[in-house]
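Heads up, there are several structures right after this.
In what follows, subunit A forms one complex with subunit B and a second complex with subunit C.
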Partner chain A sequence: MNSFNKVLNKSTKMLTKRDIAGLIIMLPSLVLFSFFVWVPLLESVHLSFYIAHGMRFIKFVGLENYATIFKDPDFMAALLNTFSYTLWSLVIGFFVPIIMAIILNEIIHFKGFFRVGIYLPNVIPGLAVAMMWRFIFKPSDTGMLNIILKNFGIQPQVWLADPKLTIPLIVVTMTWRGAGATTLLYLAGLQGIDPELYEAAAIDGANIWKRIWHITVPNIYNLARTLLILQIIAVFQVLYEPLVMTNGGPNNASISLMQLVYKYAFEKFDYPKASAVSVVISLFLIFFTFLYNKIIREKEM
Partner chain B sequence: MKKGYLFLAVLLLFSFLMSGCNKGNKSPTTNSGEIQKEQKVVLKLGIWPEDTLTNDVQMFEKWKQQFEAKYPNVEVVPDHYQYSLDTFVPMAEAGKLPTIFETWFTEPQKLIAGGFVKDITSELQQKGWDKLMNPSIKDLLSKDGKIYGVPRDGYALGLYLNLDLFEKAGLMNPDGTAKYPKTWDELAQVAKIIKDKTGRAGFCLLAKDNAAGWHFTQIAWDFGAKFEIQQDGKWVANLNSPEVIAAMNFVKDLKWKYNVLTDDPLSEDWASGFQAIGTGRAAMYLGAQDAVNQPTQVNGLPVDKLSIVPVPAGPKGQYSLMGGTPYMFSANASSEEIMAALNFLEMIGKAPVVTDESIAGLREDAKNRVENGVPVIPGFPAWIDPNYLKTLDDVIKEYSNVNMALYNDYYNWIKKEGVLRPEEPVLTQDLYAELTKVIQAVITDKNADVNKLLDNANNNFQDLLDRNVNK
Partner chain C sequence: MTRLTKKNSGVIRQFDIKSLNVRIGYYFLLLISLILVLIAVIPIVWIFLSSFKTLSEFVNEPSFLPHKFSFNDFVNTWKVLKFWKYYVNSFYSVIGSAICAVIFNGLLAYSISKVRPKGSNLIYTLILWSLMLPPTTAIVPLFININKVGLQGTFIPLWLSMGANAFFVILYKQFFDSIPQSLIEAARLDGSSELGIFFRIILPLSTPINAVIVIYAINAAWSDFLLPYLVLNNTGKETVMVRLFQFRTSIATDVDIIRAIVFSIIPPIILFGIFQKYIMEGISKTGIKG
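Take a look at the complex of A and B:
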């Protein structure tokens, strides 16, 4: 017992000494993180329980802001749309990078060229991309896409102005811009696979689909899982694409929760309600992440 | 070596913390500085033109020199601020707002409620201007009897015409004026003729943002609509009255029956509407006289190709939506700074005071317009001092660069009794937002159920009224 204490004492003493040095090294980033991330984050939660003028706290009102935002005529539409964005982004956007990465991995000539080409849309500022696609999707016969389709004898479409198509089309533009970066991540994952596995499979007579299914997919499974949750988190916060392309319209067909935040904060200068919506968004995301982790863990067990 | 790093890190940390402390202490010292009256008054002019408008900057430089010569205790500091929603609150909260700045006609009540702007009632009373302000505009800038702003100018909606398209469609009178539509039904017909003959849109309808609802209230009033009714001290939404339904059906017809709108009304906002007129994308658009530089100077329409005519009449009347573009003042500004700002407005001819300087100021402004191809036409009287109005009139006649026949019908019309109508009074932007959604629905869906959409909008708006106003 005594000797155990001795050891403990010694180790704690040593640890404290090292701790101090470690903490001092960490301090600048701790301070910066708290200044730029954690404090604003907590302040935002704090603010959501108050009435404020600008950013000056005026009165504590408890959950009143939350009650108000749930009754906002746009809230339900924004919530459902946000789920719709997320779903469509999984349907349209999730497999595109995987497929592109597999194809890219098989290409022998001009590999660098294609790799750069796939990443290029990512380099364009997001707002510019949204504006460009709005231009492409312009309805009637002056829209770019409609002009192209006219050559094939297809009547002009209204594209974004069709409430049923608005969200899928916005997701297409988001995929166009974002898929490249994800593709590169998958590509890195694919190149980490031991080529001998493929050779062995080929010798055993596995065709290309079998090789993909039994070797490629299991090897990028973990990566795909992480990217899936990251994608959900990112798309759940979709803001500038609908803001620029449709301003949430037509008739709220594409308004997102983040856009509601934007409206409260920058159109009405009502920061507490903007914070309340943000808190709701983060609660949803925390819940999803929790649920996802639980499912994955059960599956693995 | 190791110690050296640690020391450095600690030092950095301290300097970081210290700089943080400094910031916190700053505001009290400036406050105590304001109390000492001997100090020079610093007038930060947010209405200073942006750097790219070199002519305007020169004009302001001249005014600055004159002003500082006349009021040696005041230092004029150029501090151009273009009001925008995403910069305003951070600037106001950091105490960085210029003493005087220009904002939009939609903003005053919001800024007053947020405590961002200064109550200038006593300063205006000292000057005697509070009695000279156009009463309806004063209402827009006041809350609970206190005045928070000064109008730069007022505006009253009319119908902008692109005469180039009217000529091409053969819709001109021999005297050079346009055969413009007198009623909304005629507007649809005229727009159809223009669309058929020129291929361009007859009418630019807005459907992107709240400006769509704003324009729609103007149309619907002519159909007899009244969107907000006060009953026993409570506000009642009236968005689904037969009059509003009729007006909404008219808008729907413009798209589906006549097909005379621009390609994508969902992307049209206030500025793009003027761009449509300026570049000949559309022939008609609702706009006010204060935006006359938009199609011309900004979008290149020759000065003689523009005409402003009365808004068409509807079955139940012919109104012009009016309002004012305000100057407002930073909440931190001292009384001396406010007075300096008001004196500056006086010198540039934006106040109801006639002096040699203010006449020179008005002249300078008119000359600048002529040089930039902007029609020099009368403003909308934001002040009601007769002497001031006459001076204004004289200067405009002197510098006139357009055929006034293209504008006279409009000006004679807005002078008539009962034509001008201020915006709907409460939760105006929320009202516009609800209407905008309905407009978007009816122009994107041929089979949209107007009654149902308006019922829904009415319920939403009543709910907002009950929660925010009828408490």
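Take a look at the complex of A and C:
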């Protein structure tokens, strides 16, 4: 105890007046970070080991909640769907902004108009976008897409009600909202490329495709890699699009893991099981981040 | 009008333009860009046009344009849904959030960047980590804790939650790092407290970054619905987004919902119209999509 006090005294002596002032002005923000971010993350883990009545912890049950959720047929559906969302978002969402940026970077007419135009969907709140697209995908012949199809003489489609199409169409909705903003990020990257590089390559006889492949692509590679991992992390937590557009249907064809959290927590009021699903999501996300860092390090070596 | 032969950016260079194929290719790309803009804009136009339709028009007639543009129905829905109330509530939520975003994230970033007390490196690492670990997965314990401290049914948790945003802290820190340390040392010699330096010197010097943070915070506070829904539902303080989310479980006609969607997207579009240049520059400079 004595030695502990000595250490304590020593460390308070080591803190200068400026250290203390710095820590004091940080304190309110740190309290907020703890309350809104750090403590809830840790508490999810804690809560997932208990049985609770509403908000009161009743009994420690170890991993029982995890065993229960793994047996829940909804969980398996949600897990597979979440991977399906992620995969589709790589197929559709990842490449679209890159291609859009490469095209727009060539355009010299109406530059501002094109940039503002493709960015506009990002201005609309995500919830409003999801609700809007539910009407655009309306299966009757008065939905927007069916009106357009009718002009080409094609029969009305059921869109979201087709279990095979539900997830890809929700990903299309997410891409419609996000792609423009991501394109602007890539455009900023493309504008950083020294035009001399293209000139030099052209003198060496590289045609347009070769210049794209050997100069443009390597120059945005790092940016693309970072945006890819951020996209995977974001899509893995997809919640309100399926919640609002399909409510997870038809027949669990589009239920996501985060939606399962929502269902357990705010429809069944079973907070521990909701937390258990949250912890599973977090473990996946930590794994992705770890994998990403590992790949980066190996590349750099 | 920009002349194609004057093109001096991108992969296609001036000497490529001499080839007819490349010129045709360029106009083909121009056409694709136009189609992309149409894909981005048409759904928004359609939802605005549909909001002028009557219910039977919307349900029965497969056409783009409404029969007539009557603002009366529009105003009626506004009154019936009592949307003014939700606008006012959203306004409260947005203002408090913007203030909290500037003060709390700014103070933390200032201390990390310029005061640098012991432990600030560790704190910054923790904040960088919280970027990767998303807060939505911890919504359940957060909701429980808000109830435990008795803040449910108030705007306070929404305001304060914007004061704990890792992105904002990082943006502020990067900006503050570029402010010369000598300026702050001089103020310290004059006997200013750290808090005084932050409010009287740092914040006024940081107008560009303050503008970016305020715009992003306003947008985030206006668009957020999960936490507002959990905290404010059935308290009479519902924001516009919470009201929109309530349509999921309440009975309403399609046309009412579409009009409500239009009400909810008009303010962000106006905001974008005014600050368009700032927002678009902010994206390319900060790497954040908002």
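Criterion: the second predicted complex is superposed on the first by the 261 of 301 C-alpha atoms of A that agree within 3 Å, B and C clash if a C-alpha of one lies under 4 Å from a C-alpha of the other, contacts with A are read in each partner's own complex, and residues count from 1 in each chain.
Operating definition for what follows: a residue touches a chain if its C-beta (ideal position, glycine included) is under 8 Å from a C-beta of that chain, and two chains touch if they have at least 3 such contacts.
Here the structure is a predicted model, which is why all the values come from computation and not from measurement.
Student: So in the superposed three-chain picture, is A:63 touching just subunit B, just subunit C, both, or none of them (first/second/both/neither)?
Tutor: neither
Student: Once the two complexes are aligned on chain A, which partner has more residues of subunit A within touching range, subunit B or subunit C?
Tutor: Greater contact footprint in residues on subunit A: C.
Student: Looking at A:154, would you say it contacts subunit B, subunit C, both, or neither? Reply first, second, both or neither.
Tutor: Neither partner.
Student: After superposition on the shared chain, which partner residues are touched by A:53: those of subunit B (first), subunit C (second), both, or neither?
Tutor: A:53 sits against subunit B, while subunit C stays out of touch.
Student: Touching A:139, do we find subunit B (first), subunit C (second), both, or neither?
Tutor: After superposition on chain A, A:139 lies in contact with subunit B alone.
Student: After lining up the shared chain so the two structures overlap, which partner does A:261 touch, if you call subunit B first and subunit C second: first, second, both or neither?
Tutor: In the superposed model, A:261 contacts subunit C only, not subunit B.
Student: Touch check for A:217: first (subunit B), second (subunit C), both, or neither?
Tutor: In the superposed model, A:217 contacts neither subunit B nor subunit C.
Student: Identify the partner contact of A:249: answer first if only subunit B is touched, second if only subunit C is, both if each is, neither if none is.
Tutor: first
Student: Thinking of the overlay built on chain A, is A:71 touched by subunit B (first), by subunit C (second), by both, or by neither?
Tutor: first
Student: With the two structures laid over each other on chain A, which partner does A:80 touch: subunit B (first), subunit C (second), both, or neither?
Tutor: After superposition on chain A, A:80 lies in contact with neither partner.
Student: Quick check on the output: what are the common subunit A residues between the subunit B footprint and the subunit C footprint?
Tutor: On subunit A, the residues that contact subunit B in one structure and subunit C in the other are 21, 24-25, 28, 55, 140, 142, 247, 266, 271.
Student: Looking at the complex, which residues from subunit C come into contact with subunit A?
Tutor: It is residues 1-2, 4, 6-13, 15-16, 22, 26, 29-30, 32-33, 36-37, 39-41, 43-44, 46-47, 50, 58-64, 104-105, 107-108, 110-112, 115-120, 123, 126-127, 130, 132-145, 147-148, 160-161, 163-164, 166, 169, 193-195, 198, 222-223, 225-226, 230, 241, 244-245, 247-248, 254, 257-258, 261, 264-265, 268-269, 271-272, 276, 280, 283-285, 287, 289-290 of subunit C that touch subunit A.
Student: Across the complex, what residues on subunit A touch subunit C?
Tutor: 14-15, 18-26, 28-30, 32-33, 35-41, 43-44, 47, 55, 100, 102-109, 113-128, 131-133, 135-136, 140-142, 144, 146-147, 150, 176, 178, 180-182, 184-185, 187-188, 190-191, 195, 198-199, 202, 208, 211-212, 215-216, 233-234, 237, 239-240, 243-244, 247, 258, 261, 265-266, 271, 274-275, 278, 281-282, 285-286, 289
Student: Provide the residue numbers of subunit A that touch subunit B in the complex, in ascending order.
Tutor: Contacts found on subunit A: 21, 24-25, 27-28, 31, 53-56, 68, 71, 73, 134, 138-140, 142-143, 158, 160-163, 246-247, 249-252, 266-269, 271.
Student: Spell out the part of subunit B that touches subunit A in their complex, as residue ranges.
Tutor: Subunit B residues touching subunit A: 2, 6, 9-10, 12-13, 16, 85-86, 88-89, 92-93, 110, 113-116, 207-209, 263-264, 266-267, 429, 434, 436-438, 440-441, 443-445, 453, 460, 463-464, 467.
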